[in-house]
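Got some structures for you, see below.
Two complexes are shown next, each including chain A; its partner changes from chain B in the first to chain C in the second.
Presenting the complex of A and B:
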């Protein structure tokens, strides 16, 4: 799970190990590390030495070399030839602090930007060039753009299988560029034509010095037409629609807040319907898919950024896994706004069972969910229970004004599905959505 | 991808310099098992610098898999250096102990084979012999083929060791 770990066997090692741990955690591609300090070491005594020795250079976390100027030149040439370029921006943008550089690059070169799930916030969600999320539950227009592009510039994303779908039909018309700080990610899943190893911020700075402004009227026009003709949408049937609740949160906050999620359908809807204004505004568990991540993450986010409003968008399944953390929220009076999109199902599991397993809802139905508002009140936390769509807006507004933690249990349509969807193992060109795909994207 | 697909392809010898600490070998082995790559042989030993160990491993795969293996090995924090040991540019040796059925009637013929291969007899009993032989894959393979008709009782191999020819070395860049 961790990038590296240490077991301290002698208290004199502790200072050097902690310094080394910080270096490993933050060096190269950042990642979590673990320092295991046994009980006897915890209670032992030692002298503090501000100059405690640290292990010599660690090749795997060394300072990144300057990105290869020749590779960057190749990319610029490819951009000049390209008629339909697309940027796929991942979490690397956020970790490298390269959001401003990305925005400058994309606007200058007039290239639409797709954000991966964990890359959300790396590019402003309100920018006209923003195409949302790609892949399995991506927007139709992001997937059309991937299928049709002739140049794909991957900036700090790892070509996750939920993004690529079937690799053998991924971006078949495109020259593929991959900028990554981790050499092992380049060429791992997708054949790369122009690999660029380095810190994505350095690469973008170098590009921004060299790229000439261009107009791409035909391509931008095509992308805008897709956005207009195939927007994210959902139907109305009088029930509380989860997407509607999220849209209302977006309206109330203007996207100016931090949003944590659990894992599942609600997480996909949050990624689809929220518009993140800044990096690190979206706190979510991606590849590991850790259900129960949301509530503790939202409390942590509020401690880390007390100046920001913090909203949790969670499902009943995820929320139930770590709801004891309401005690922490109550104890420190942490004003997180916890929204439960309660469908009494493990919704994503149910969706797959409905679509691919003949509606055999095996172990995904939770008809005996507790009353989450009452549980919240049991912890001394304000609780709302909402079954009527007309109450959604007013409850959200009351929660936004409340000085302290709030739990809102929205009883949403239990059989709502996340659309669009690329079935597991299929290519992005096989995406299913309500209206048929346009001819050009087939 | 099935294990068989991954295990196909030509054999490669890779030398890795690592920190000489507990748990490092487990991480290297874990990397192979997690990705479904097979290790044909593996040998580990301390180098002239007691804080550094050298792992020599033999694996199989096409160029793409080999590149992934190299990159993943380089990514481990305890890895100091990784090098592909190309057969033509390196000396590669492995030692094997083989226990073979050797009734009196067969001994003369076995002894002759041992002599031709410059192997050594290190144990002798009424029914069996233990032979020690050092060499590259080809030599050890040919030797086993010739002994097989007599009845191979047990085999223990050390795994391969490899060094570059000439003055080139796999230097540790430890500060």
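Presenting the complex of A and C:
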């Protein structure tokens, strides 16, 4: 559950344990730590000298060795041979503070960049080389690029199953390079031809000193054609479409804000339709997929970056799980703009039931959802309820100008699905671009 | 200088660059909360420990800094679990301090 934890049994241990706890949490591959302190130890007294030496760091936080120069040389050779290279950039780029190094590398070597869900913002979403998200709900062009590439350079991503799809059909034509700070991740799910253990920023700096500029007209042209011919899209029928709401948020903010999400369809649409200008702007539970993460995470985000506007893009299911924290937003007047894309369903469950369980909607419907705007008002938070597509823009603008927390309950089309989609257990080459039923084709 | 265990923990957290805590007090963590107040440590009182953990998580993801999460024993600690595992799966740093019954118990 944690990266490390301690139970303190003697007050004299406290200084060393807390110092180590900070180092373990923040060092190497970061993670949560827990220190359990019995009540009598909290009140017990002992001599405290802040300068006292405490024992050395745990192995987990020892300095990363320099990346292997021979492995980097192999990567450069592979890049010189490659005709269709692709970068898969994960959260490691953001955690290592390597965004500038990545941008330099990709532009210099002319390699298109795919960002994982948690890697969003690690590469500018507006760059022509940006291909969006891969995998289950990735862009068509990212998945085409994965299927066709002859060199895949994974920079700090862990080959999550939502990215790879069926591993036996993942990137079959490619030499696979994996740069990771955690040796346990390399080769765990995908056979890796060139493993590079190290901090991805060190690796990129070394690469940037050695890589020669190249032109890849044919490959870049192919990728641009895919982007032109298979863009993200959705149908227009007069109802409030969730993707439209997100597009309007993108327009109003210009992408210059922090965005938190819950988990589900809305999370995928946010990853697809927002354009992140910078790292550390997208706050979303990827690995665990924790519904209810969004509202509290957005409040924490505002404390972490009080200079930035914070938007929450949530679903009605996720929001209801932790909405009690509206009380916290009200108490500290945290100006979070909470957008609920309310379809009165556990939308991703409903989508899977529609597509893979014969439209048997077993217990995924919330026909008596509360009035979230009224709930907000009950907490002393400004609330809006929107059912008309013509009101979307004006409510978002009013919320953006409000100087306190605000909840916007958008009643969106409940039948909207997330496309493209790679069905669970299928390969990325089996991606479905659009709904199979002709009447809802877009 | 002689200090309580809770005071030492807070001093070491401050020295480690921790600037904010999210949490809820309860029986087994009250001495720690008393010293948080005396140390004038910034603390955000939440309504559920899961919320506190997710707030610390959101804080860390956008700032690159690490926050403290505080909860009491029993249900306070178990309510943290989803938040801790969320952070673990996404490699997000946070430091949880939980109260525990006294050592003779």
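Note that in this section the second predicted complex is superposed on the first by the 427 of 442 C-alpha atoms of A that agree within 3 Å, B and C clash if a C-alpha of one lies under 4 Å from a C-alpha of the other, contacts with A are read in each partner's own complex, and residues count from 1 in each chain.
Operating definition for what follows: a contact is a pair of C-beta atoms (placed from the backbone, for glycine too) under 8 Å apart; a residue touches a chain by one contact, two chains touch by 3 or more.
Keep in mind that this is a model prediction, so the values were computed, not measured.
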With both complexes superposed on chain A, which partner does A:3 reach: first (chain B), second (chain C), both or neither? both
Which of chain B and chain C A:22 touches, first, second, both or neither: second
Tell me which partner A:273 touches in the superposition: chain B (first), chain C (second), both or neither. neither
Looking only at contacts as defined up top, I'd like to know whether chain B or chain C touches more of chain A. C
Touch check for A:130: first (chain B), second (chain C), both, or neither? neither
After the superposition on A, what does A:184 contact: first (chain B), second (chain C), both or neither? first
Output check: A:41 vs chain B and chain C. Expected answer is one of first, second, both, neither. What do you get? second
A:234 contacts which: chain B (first), chain C (second), both, neither? neither
Under the contact definition given at the top, report the residues of chain A touching chain B in one complex and chain C in the other. 3
Listed in rising order, chain C residues that touch chain A in their complex are 1-9, 11-13, 15-18, 20, 22, 27-32, 35, 44-48, 50-67, 77, 80-104
Show which residues of chain A lie in contact with chain B when the two form their complex. 3-4, 24, 56-61, 182-184, 187-188
In their shared complex, at which residues does chain A touch chain C? 1-3, 7-9, 11, 14-15, 18-19, 21-23, 25-26, 29-50, 91, 95, 97, 118, 258, 260, 280-281, 283, 285-288, 290, 292-293, 295-301, 303-305, 308, 322, 324-325, 327-328, 331-332
Parts of chain B lying in touch with chain A, wherever the complex brings them together: 64, 67-68, 71-72, 74-77, 79-81, 173-175
